[in-house]
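Both complexes below contain chain A, partnered by chain B and then by chain C.
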Partner chain A sequence: MGIYELSLAIIVCINIVLALGLNLITGYCGQISLGHAAFFGIGAYTVGVLAKAGFPSAVCIFAAILMAGFIGIIVGTASLRVRDDFLAITTMGVGFLFLGIIRQQEGLLGGEMGLSGIPTIGFDKPGFLVIAFIAVILCSALSLYIKRSWMGFAFDAVATDEDTAKLLTVDVAAYKLTAFALGTAMAGLAGGLYCYFTRFIMPDDFGFLTSISVLSMVAVGGIGSVPGVIIGTALLTLLPEMSTFLSDYKLLFYGAMLFAVMRFAPEGIAGIGTRVVQIYGRRGDAK
Partner chain B sequence: MLQLENMHCGYGQMKAVQGLDLIAEPKKITALLGANGAGKSSTMMCIAGHVELQGGTIQYQGIDIARQTPIQRVTAGIGIVPEGRRLFADLTVQENLIMGGYCRSKKKTGPNMERVYEIFPRIKDRRGQRAGALSGGEQQMVAIGRALMSEPELLLVDELSLGLMPKAIDICYQALNELKEQGLAIVLVEQSTQRALEVANMITVLESGRIVWAGSAEESRNSMDVIDACLGLKSSD
Partner chain C sequence: MSVLLNVRNVTMHFGGVHALTDVSFQVMQGEFLSLIGPNGAGKTTMLRAITGVVTPQFAKVELGGVSIVGLPIHKRARLGMAMTNQIVRPFVTMNLLDNVALAAGHRRIATVLKAVSSVDKGAERKKAQELLDMLGIGKHTQENIQGQPLGVLKRLEVARALALEPKLLLLDEPLAGLNHIEAARLADVIVEINKQGLTVVMIEHNLGEVLRVSGRLVVLDNGRKIAEGDPQIVMRQPKVRAAYVGKEAEDAAA
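Presenting the complex of A and B:
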């Protein structure tokens, strides 16, 4: 693997962690978030500031996870008051609010110019890839574990019909906040890794377009499906890299994919996969 | 077991029910009848704690539950079968039942589910299917079963027969009778008056949020004219 391929693989891993976080909030618990990039940014800036202050990398990453998760809970309280489209607008607003704050903080956070000169995490590229890969494994495992656990059931119930879930004594508020806390903590982890990877961050990396990109990755892969989200993320991250045309029109491409998925395969790649397995299974039975 | 006295409930300025007295006792079915908008469902949701109580008292097992949260009420033994069934369409039958037992310990899920399947053998065959793919009657069975998973002593059933085929209605009413015999107190809201009168022990008729007739099943037989008139059945003849 050359340096370029290594870098690509690391970016894919980081995006997967980010997308799995959104999948927890939107896919499992049904709470639309259009401000996921803000938590990615909170993770990145936490690492950026702490690393420059000389803290060891493990502490920085851990702080990024906690910080993003903590603010995630605060933002999550919005989901207790507003739903659906209104929650989408609110979380979108949180994204812009985050950018606004970052842009104004020239002393601590570097303002428009961003943060540069972030120290290295202490590993070379292959080593970094291993760490990013471990993060992917951990987040996937956690997601799959939640899906099968009692919490997964409760998330399903909240996503399908909040009012009925309440009727059955499910503590809807607690589960929503848990989903936000876990999902945004994953975004924080992704942000932390991203910061150590690029060692230079600026506000635009964490804007609305990033939020939409992550949402596209989750939707194209298959909302709620871990393998689907992983495949979708890898696809949407790598395709623009392979063709200059797609790279130039990246957002158009994401938008087209998002539209195509919603129109033709609402369950995304994961749904298509399930259908193919069913069709082949039936043919097998016929023989 | 359940006693409402001069109960007022509603949604802010909108008064849905004014001055309702209602009693539910073990091994008895209390029917709450009335036309659309009479305040039947509001009463049910108020007992369950989802609609604001604006006056009067709600006593359950001798305790005033007006200030208890919906969760506390379910835990205390008030189960509800909501209007329109409200199943989780994407979850399987079995998963819907499991959700119903949310407030009880996991160890009890197995035995409670067996009990539900005993009452409704039909949904046992369909336990792996999506609840949304079931017929209306089967969905109603799952909805009742889901309420039973919380081990209720008082069962609130809202619109049991709405949109169901006659055979499914028979099965559901048979189940209600069975549950009544097992000792449950049941409050039944129905639009299908005839069906409700057949099973009910006590009957209350509501119109625009006020009681217009109340009495036992025997009394109701002697005053069918009054009840029909209250429900507006006469005028449509």
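Presenting the complex of A and C:
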């Protein structure tokens, strides 16, 4: 693998961690978020500031996870009163609020100019890929475990019909906050890795377009499905890299993919996969 | 017999609509009480006020002597209340079995920490299967919700409520939409559960079944309680007949 391929693989891994976080909030618990990039940014800026202050990388990454998860709980608490479209608008607002704050803080956070000169994590590119890959494995394993546990069961109930869930003793608010905390903590981890990877971060990296891109990855892959989200993220990250045309019209491409999925296969790639297996299985039975 | 549910002076207005005006009644431990009245009388609103889905302008509600006013819905449910919806609301992403198993696992999902540390669903699914068998829909357990007839979904609502192991079962028109035989069979199951000690409050329009199974009636009309007591005696009262048959009957009688 050359440097370029290594870098691509790392970016794919970081995006998968980011998308798995959104999948916990939107896919598992049914809470739409259009501000996921803000938590990605919180993780990145936490690492940026702490690493420049000389803290060891493990401490910085850990702090990024905690910081994003903590602010995720605060935003989640504020979001408990709103649902559906209103939640989408609220989380979108959180994204813009985050950008606004970053842009104004020229001293600590570098303002429009961003943060540069971030120290290295202490590994070369292949080593970094291993770390990013471990992060993917851990987040996937956690997601899959949650889905199997009673927590995933309760999330499913909250996502499908929260009023009925309440009548069945489910503490809907507690589960929503948990989903926000876990999902945003994963975004914080992704942000921390991203910051160490590029070693230069700017407010625009964490804007609304990033939020929409992550949402596209989750939706195209299949909302709620871990393998689907991994495939969707890899696809939407790599395709624009393979073709200059797609790269130039990246957002148009994402938009078209999102539209195509919503119109023709609302369950995404995961749903198509399940259907193919079913048809194939039925044919097998017929023989 | 002790009072299980004590409802005092419930008043609920939606804008200019007086859904409930100063309604009080009590439910005794182990009783089978039916809440009847014409459409728009406020019966469903009353059940929703008890479970906390709506917040009345004024109400005193005690369950087992403890005031539950101001508690959120899930906490009231944990105190031992289960309600079925008039318009069925199954979780469409789960099969029938898991709809009931989730409710059967209400202790496991009581806190997020407990929920995340337990995986095995065997015991709860077994219990869910027993409940679905008891309601006569045991052979549908692995099927999806989509395409199920209303008769099955209505019984699923009851099975899910029972899975919570409640002290008080609130049923909102459980028999509506069922045919004759299904309705009688479900009513029999509810009677059987009631005989085993579960207190039941049921809203129902199927007066034949109501008179057959209820121990006592509370009649609402236009948001006010107009009668209460033994079913046969209550149904003979002119104001109850007028509320049901219509004002013309009252005029004709006069």
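Convention: the second predicted complex is superposed on the first by the 287 of 287 C-alpha atoms of A that agree within 3 Å, B and C clash if a C-alpha of one lies under 4 Å from a C-alpha of the other, contacts with A are read in each partner's own complex, and residues count from 1 in each chain.
Throughout what follows, a residue touches a chain if its C-beta (ideal position, glycine included) is under 8 Å from a C-beta of that chain, and two chains touch if they have at least 3 such contacts.
Computed from a prediction, not measured in an experiment: that's the story for all the values here.
When both complexes are overlaid on chain A, chain B and chain C end up clashing with each other. In the superposition on chain A, A:154 contacts both chain B and chain C. Applying the stated contact rule after C-alpha superposition, one finds that A:166 touches each of chain B and chain C. When the two complexes are superposed, the chain touching more residues of chain A, out of chain B and chain C, is C.
In the superposition on chain A, A:178 makes contact with chain C only, not with chain B.
Of the two partner chains placed around the shared chain by superposition, neither chain B nor chain C is touched by A:264. On chain A, the surface touched by chain B in one complex and the surface touched by chain C in the other have residues 150, 153-154, 156-157, 160-161, 163-164, 166-171 in common. On the side of chain C, the complex with chain A involves touching residues 51, 53, 72-74, 77-78, 82-83, 85, 89, 91-94, 98, 102-103, 105-106, 108-112, 114-119, 121, 160, 164.
The touching residues of chain B, counted against chain A in their complex, run 48, 50, 70-71, 74-75, 80, 82, 86-91, 95, 98-100, 102-103, 106, 146, 150. Residue ranges on chain A touching chain B, taken from their complex, read 150, 153-154, 156-157, 160-161, 163-171.
Contact residues of chain A toward chain C in the complex are 145-146, 148-151, 153-154, 156-157, 159-161, 163-164, 166-172, 174-175, 178.
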